[in-house]
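Notes follow the structure.
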Amino acid sequence: MSDAQTTDRWIRWLNTLQLVVAGIIILTPTAWMVMSSFKPSFEVTAYPPTVIFSPTIQNYIELTKTTPFFNYAINSLIVTVGSTSLGLLFGIPAAFAVSWTRISWPAILTLAARMAPGTLFLLPWYVMFRQVDLIGSYTALILSHAVITLPIVIWVLLPSFDSIPRSVFEAAQVDGCSVTRILWRIAIPLVGSGIAVSAILAFVFSWNYFLFALVLSNGDTKTLIAAAFNFVGEGSTQWGALMAAATLIALPPLLLATLVQRWLVAGLTLGAVKG
Amino acid sequence: MSQATATLTQDRQRLELSALSAPAVIFTVGMIAFPVVYTVWLGFQSFSSTGKQSFVGLANYSKLLTDYEFWHGLWVTIALYVLSLVLQLVLGVWLALVLFHAKRLHGLVRSLFISPFMMPPVVAGMMWLVILDPSLGAANYILQSIGLPPSDWLASPTLVIPTIALVDTWQWTPYVALIVLGGLQSLPPSVYEAAQIDGASPLKTFQRITLPLLLPTIVTAAILRSVDLLRFFDIIYITTQGGPGNASNTLNIYGFRVGFEFFNIGYASALMLTLTAIVFGAVLAFNRLRGAVAW
Amino acid sequence: MASISIRNLVKRYGNLTVIPDLDLEIADHEFVVFVGPSGCGKSTLLRIIAGLEPITSGELFIGDRRVNGIPAAQRDIAMVFQDYALYPHMRVYDNMSFALELRGVPKAEIDKRVKRAAALLHIEPYLDRKPKELSGGQRQRVAMGRAIVRNPKAFLFDEPLSNLDAKLRGQVRAEIKALSQELKTTMVFVTHDQIEAMTMADRIVVLQNGMVQQYDTPETVYERPSNQFVAGFIGSPAMNFFPVEWRGEQAVFAQDGSAALIDAENAVLMRRAGKAVLGIRPEHFVVADGATNGTTVTVKLVEPLGSDTLIHFDLAGASAIARVEPSLRPKVGDRITLRSQPGRIHLFEPESGKVLR
Amino acid sequence: MTAKTLMAHVAIPILAAATLSQAHGADFNWKKFQGKTITFLANSNPISQALLTQKADFEKLTGMTLKVDTYQEQQMRQRLVTVMNAHSDEVDVFMTLPSREGEQFAAAGWYADLTPMTKNVAGNYDFAGLSQALLKAGTFNGKLTSMPMNIEGPILYYRTDILKKCGVEVPKTIKDVQAAAKKLKACDSSITPFVSRGLKPAVAYTFSNMLHNIGGSYMANGKSNLCSPKGKEALETYSGLLRDYGPPGVVNYSFPQISALYRSGRSALSFESSNELRTVMDGGARLKDTGLAPFPAGEAGQVPTAIGWGLTISAHSKQQEAAWYFVQWATSPEIQKRMALQGIAPPRPAVAKDPEYRKWIDEAPVRKEWQAALDVLATKGSSEVGYPIVANPQSREFIGQAVQDLILKQKTVDQACADADKALDALIAQK
C-alpha cells in the first residue's frame, strides 16, 4: 500500500518535471521576443544577447510614430471581425443543415478552399475584385478572409450540433417550430460555447493570415500582419520595432486564447474527434 | 395525389434546410470557382520572359516532369512534411498526456501551453529568424554557454529542413496536443478500470489501450496538419525563402517564386494545381486510414 | 380531440419497406397502445402520425382533416419522447410554455395552463429549474406537462417509460392511465413492453414487420390471440407451443406421439386441420391429482416468485413453463402431472400461424 | 539626427517653395491635373521614405492627391506582378530596379514610354543633369522607361580601430582584402573578418562588383562566361572570402544580417549597400570607428556596381500624363536635393556639388567618405548586376547558387561554374 503510494508520488513528480520542461521550451521564445521589444533597437541583435538591460518603450513609441500602426490595427480588426461575422452568419446555418440532413458535401466544399495553396487565389481574386472595383476595399478583404473563417466555423460547430439529441429538434417540430425557428430558438442557444470557440478560432486564423491582404488591400486598408513586413526593408531594419510590432500583433489572439481556453479544449477537440 | 402532398412537406423542409446551407455554398463557390477555372486556364498559357501570352497546351505540365527544381521541391516538401508530422504527432501525444495528468493545472497556465499556435506564423517566423541567427542569435549563445558547438541552423543546407521542422513543431505541437487531449478526455474511463483490474501496467495500458483508442484522433490531427504541412509556406517565406541554395525550396515556395519573382504565371499555375492535387490525395488517403483505425 | 385514421399506408426508406400496407382506425378519446418487438415499425408509425416522417403513400386523417404533407407543427398533436427531449437551456416553465408562445397564446392564458398542468403532475416546485436539475421521473412529468398544456387533439407517447426504473415505471404507468381518463383525449402510446400495453390500453395494436397482427382490447388480445405471434408476444411468461397432430382419432404430440389432451371443441378443429400448433399459457396449466388424467413431466427448474411458482419442464421436445400455486414446491427431478384448464388451449395453423377456427 | 540636419529640414522647404513657384510661371502649368489622384506603389526603402516626406509639397504644388502604397521590396514586387498581370490601371507610378527587372518588365510591356514625356517638363527640370549612365540603364529598345531616383552600390564598411589594432592597412586591392582578412582572423578570433551577401538571390549585387573588378564578364559571344578563368577566379575569391572569413550561416546573409553584424561591432570588413549607412550607424556605436571606401581594385581596376532605383509609369495607367507630373516632380533637382540631405545619394552630379548638400556631407567624416565612394560609383560604375537578359532575376539565382555551392563546399569550382553556365545558357536561349 505504502509502496504504491510512493510510486504514485514519484509518477506525479515526474509528470510535473515534464510539464516544466515542456513549459520552458514552449514559452521561452515568446518571452524572449517580448523582452526584445523592450530593448533599444540595436541591442536586439547584440551579442552576446543581453538579458539584463534597462527596458525602454522606445520601440513602441517608434512604432506608432513612424507607421500608422493603429490604423493598421483598426484595419485588421475590421477585416477580422467582418470575416468572423460573415463566417458565423453563413457557417452556423450551414453546419446546422449539414448536421440535420447528414448531407456533408457543403461542409466538404468549404474545406476544399483550404487545400489549395493560398497563392493560387492571389491573381484570380485580384482580377475578380478588380472587375467590381473592390481592390483595396474592406469588402474584398472580408470576403477573402471569410473563405478561411467559414470552414472553421462549420467544422467546429458540426459536432456540437450533432451532439444535440435529435428528439429535441423533433419535440420542437411537434411544438410548432419551423426548421429555421428550431435553429434560432433551440439549436443556437444550445451550442453557445461551440459558437464561441468557432468564433475565436475564426478570429485568430483570420487575424494571422497575411497573403490575401498583400494583393487585395491598399495603403489605407492594409492589415497589421501584412504591414509587419514593412519593418524589414533595406536601410531601415528596425529590429526593436519589429519585435514590438510582433508582440503587439500576437497579443489579441493570445489574449483571446487565454480567455476561452477552457471552452477551447472542449470545443476544438469535439470537432477533431468526431469530424 | 397523396404522393404529391407527401413530397410537399418533404420539399418544404428540404427547401428550408437548403436555404440554410445555401449562403455558405453560394459564397464558397463564388469565391473559389473563378480562381480554380482561371488557374487551370493559366496553366495552359505561357508567359515566359517576353511576357507574350500564348496557349501552350500541356507544355507547362510536361515541363514539370523534366524540371529538376520541381522534383527537388517535391522531395523537400515530403522530407519536411514527414519530419514535421512525426515530430508533432509524437510530441503532441506526449504533451497531451502530460497535460491530461496535470489536472490541477490553472487555466491560465494551460492557455500559455497552447499559445504558440495562436501566434501569427509570420510573427513566429520573424521571432525565430532573430533567435536562430548563427552569429547574433540567442540559440547559439545558449548552445555555447552550455558547452555545445554552435550550429548554422537555417543557414546550413543539411540542417535547414530539420530546423524549419523544429520551428513548425514548436508552433503546432500544442495544437496537436489539444486535439489529442480532447480524444483522451472522451475515452471511456471504464476501459481503464477494466485494464487495471486485468492487471495491465501503466506502460502496457498506454500501449494496448490508450494508443489504439486514440488512433482515430491522432489520424484526424494528422489530416489537419497535413493540409498545412504539404503547403508549407509562411515560415519559409519569412526565414529562408527556399535557401540556402534550394535546400528548403518546397513546392509551394517554388511555385510562388516562379510566379511572383520570375514572373512565369503559367508555369506557376501548373505547379500550384499539382500541389493542390497532392494535398487532396493525401487528405483522401488519410481519410481512408481513419476509417481503418476507427473503433 | 379527434379520431385518427390510417388508410393504405406505405412507408419505405429507399428500397427498404418498413410498412407495406396498413389500415388503422383510432377512435376519439381512445387510448391505443402500439406494441411489438423492436423493428416492427411501431415507432415509425407513431412518427408518421406526428408528422416527423413523410408518408410514402396512403392517407392519414386526424379528425376529419387529411394531414398528409402537413408539418408536425400544424397537426395539433403533442408528443412525449423516449428521452423526453426537453429543451436543456429552458426552465421547466419555458419548456411547457414554448409551444403556446409559438402559437401566440396570451401570456395569462399560458400561465393558467402551465400552472394547471403543473398541478396535475405535481411539478409546481420545479417550474424554475433547468431540466438537468431534475430526476428522471420529474423530467418525464415535465415532458407530459409540455404535452398537456397544448390541449392537443392527440397525445403521442414514444416509449416514455423505458428510461425509468421498474418501481417508477409502474407508478407513472398508472398516472398516465389516470390522466387519460381525466383528459379524455386520444392517446397513442408506443411500447415494446406488453405489460404496459395490457395495463393501459383501451385497445392494443400488435405490430410485426409493419403489419397489424391484431387490434383489439387487451382482454381479447390475451384471450383470443388472432395468431401464434400475438399469442407468443402477449403474456408473460410467454405461451408454450407444441406441434400436435391428429392421429387415430386423437390429438398427439408430433414429436413423440403421446396423447395431447384437448377438449371436444378443439378436437373438431384438429380433425379438420390434421396438423396444428398447440398453445397454452403457463398460467393455464393445473396440476392434476391422481384422479384426473394428464401429461406427466419431469421438473427441470423451479422458480418461486412468491405470488406463484414457475415450473420449467420439457414436453414433446419443447421447453415449457407452468405457473402453479406458490404452495406447490416440487424438487428438480420430481415428476408431476399437468393438464390444461378447460377451454384455455389455442390451436394455430403450423404454416401461417393463424388461429384455427 | 543632429540639431544641424534638423535645421536643414526646416530651412529647405521654405527655400524650395520659392524656387518652384518661380518655375511654373509662364510655360508649365503644374495645376493642370488638379483634383486627380495618382497611386504610387513604393518600396519601403530610405529612398521612398525620404521622397515621401515631401508628399505634401507635391499635393500643394499640383493640387493632385498622391495615394501611396508602401511594401517591403519583395512584397511590392508580388503586388506589382499581380496588378500588371491583371492589366489593372490601379497603379499609376511604381518604383523599379532597372538593373534587375528592367529587361523583363520592358519586354512584358509594363513600362510606359517616358521618352516623349521628358519633353514636357518645367523650365528648371534639367533633364540633362541626370546621370547619363543611369538613364542609359533605364533605356530599353530605345525607350526610356524609368527616371533615376538615386545612385547606390555596394561599398566597403571597415573598422578603423580593429584594422589599426591588428596592424592592417585599408585594403587597396582584392589581394589586400584576402590578406587583411587572414590577418584579422589571426588577430582577433571574436571578430568576423569579412562579410558580404551570401543569400542566393542577393549574391549578384556584391558579386558583380568583384567579377567586374577582376576583369570577368557574365556573357561572352552570347554564352554564359562563368567558367572563363576570370569568372572562376571571381567565384573562388568571393566564396573563399565568405567561407574562410565570413560569419557562420553566411549563405542566409543579406543586408539585414550584414548590417546587424557590423553594427553590433562583430565584423571588421563589411561589403554592403551604400544605402545601409543609416542602419549601420543606428545606436551611434559605429559612428567614430567606421571607414568607407569603394570595393578595392582587381586586375581590371575598380568597376563598382552602381545602380539606382527608378520611378516609372505603368503602361496600364489611364492617366499617364498626370503620373508624369509626379515622376517629374520627384526627380527634379530640388526634390533630389532635399532627399540628398536625408542621405539619399543623388543621381544628379550637380546636386552632389550643391553647397548645401556639401555642408551636410562635411558634418561628419563618415559622410565625406561615403560621398567619395559614391563619386567613384557615379563615374566608374557599372549597372550590370546579373545577366543582361530578360530573365535577369532568374539569372541571379544561378549566380547565387554557384557561390553558395562553393561556400558550402558542395562542388568544385569547375563543377559549380559548369552547372551555372549550363543553366544560364538555357536561360539566355529562352527568348
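Observations on the structure shown:
Should a chain be cited, it is by its letter among A, B, C and D, assigned in written order, with residues numbered from 1 in that chain.
The criterion applied here is as follows: a residue touches a chain if its C-beta (ideal position, glycine included) is under 8 Å from a C-beta of that chain, and two chains touch if they have at least 3 such contacts.
Remember, predicted model here, so these are calculated numbers, not experimental data.
Within the contact network of the assembly, the step distance from chain C to chain D comes to 2. Relative to the C-alpha centre of chain C, the farthest chain centre belongs to D.
Here A-C and A-D were compared by C-beta pairs in contact; the pair with more is A-D.
Computed centre separation for the pair chain A/chain C is 56 angstrom, with centres defined by C-alpha atoms.
Mean C-alpha position of chain B lies 39 Å from that of chain D.
Shared interface positions of chain A, defined as residues touching 2 or more other chains, are 45-47, 123, 127, 178, 229, 232, 239. For chain D, residues that reach two or more other chains under the stated contact definition are 74, 78, 82, 85, 260-261, 264, 266. Shared interface positions of chain B, i.e. residues touching 2 or more other chains, are given as 13, 133, 135-136, 259-260, 265. Interface residues of chain A facing chain D in the complex, by the touch rule stated above, are 40-43, 45-47, 122-123, 126-127, 130, 135-136, 214-215, 218-220, 226, 229-230, 232-237, 239.
Only residues 47-51, 133-136, 140, 150, 152-157, 240-246, 259-263, 265 of chain B touch chain D when the two sit together in their complex. Remark: chain D residues 39, 43-46, 49, 67-75, 78-79, 82-83, 85-86, 88, 90, 255-256, 259-261, 263-264, 266, 273, 275-279, 282-283, 285 touch chain A in the complex.
Considering their complex, residues 165, 167-168, 170-178, 181, 185-186, 189-190 of chain A touch chain C. Taken together, the chain B residues at the contact with chain A in this complex read 13-14, 16-21, 23-25, 27-29, 31-32, 34-36, 38-39, 42, 94-95, 98-99, 101-102, 105, 107-116, 118-123, 126-128, 130-131, 133, 135-138, 141, 170, 174, 178-179, 181-183, 185-186, 202, 216-217, 220-221, 224, 227, 231, 233-234, 252, 255-256, 259-260, 265, 268-269, 272-273, 275-276, 279-280, 283.
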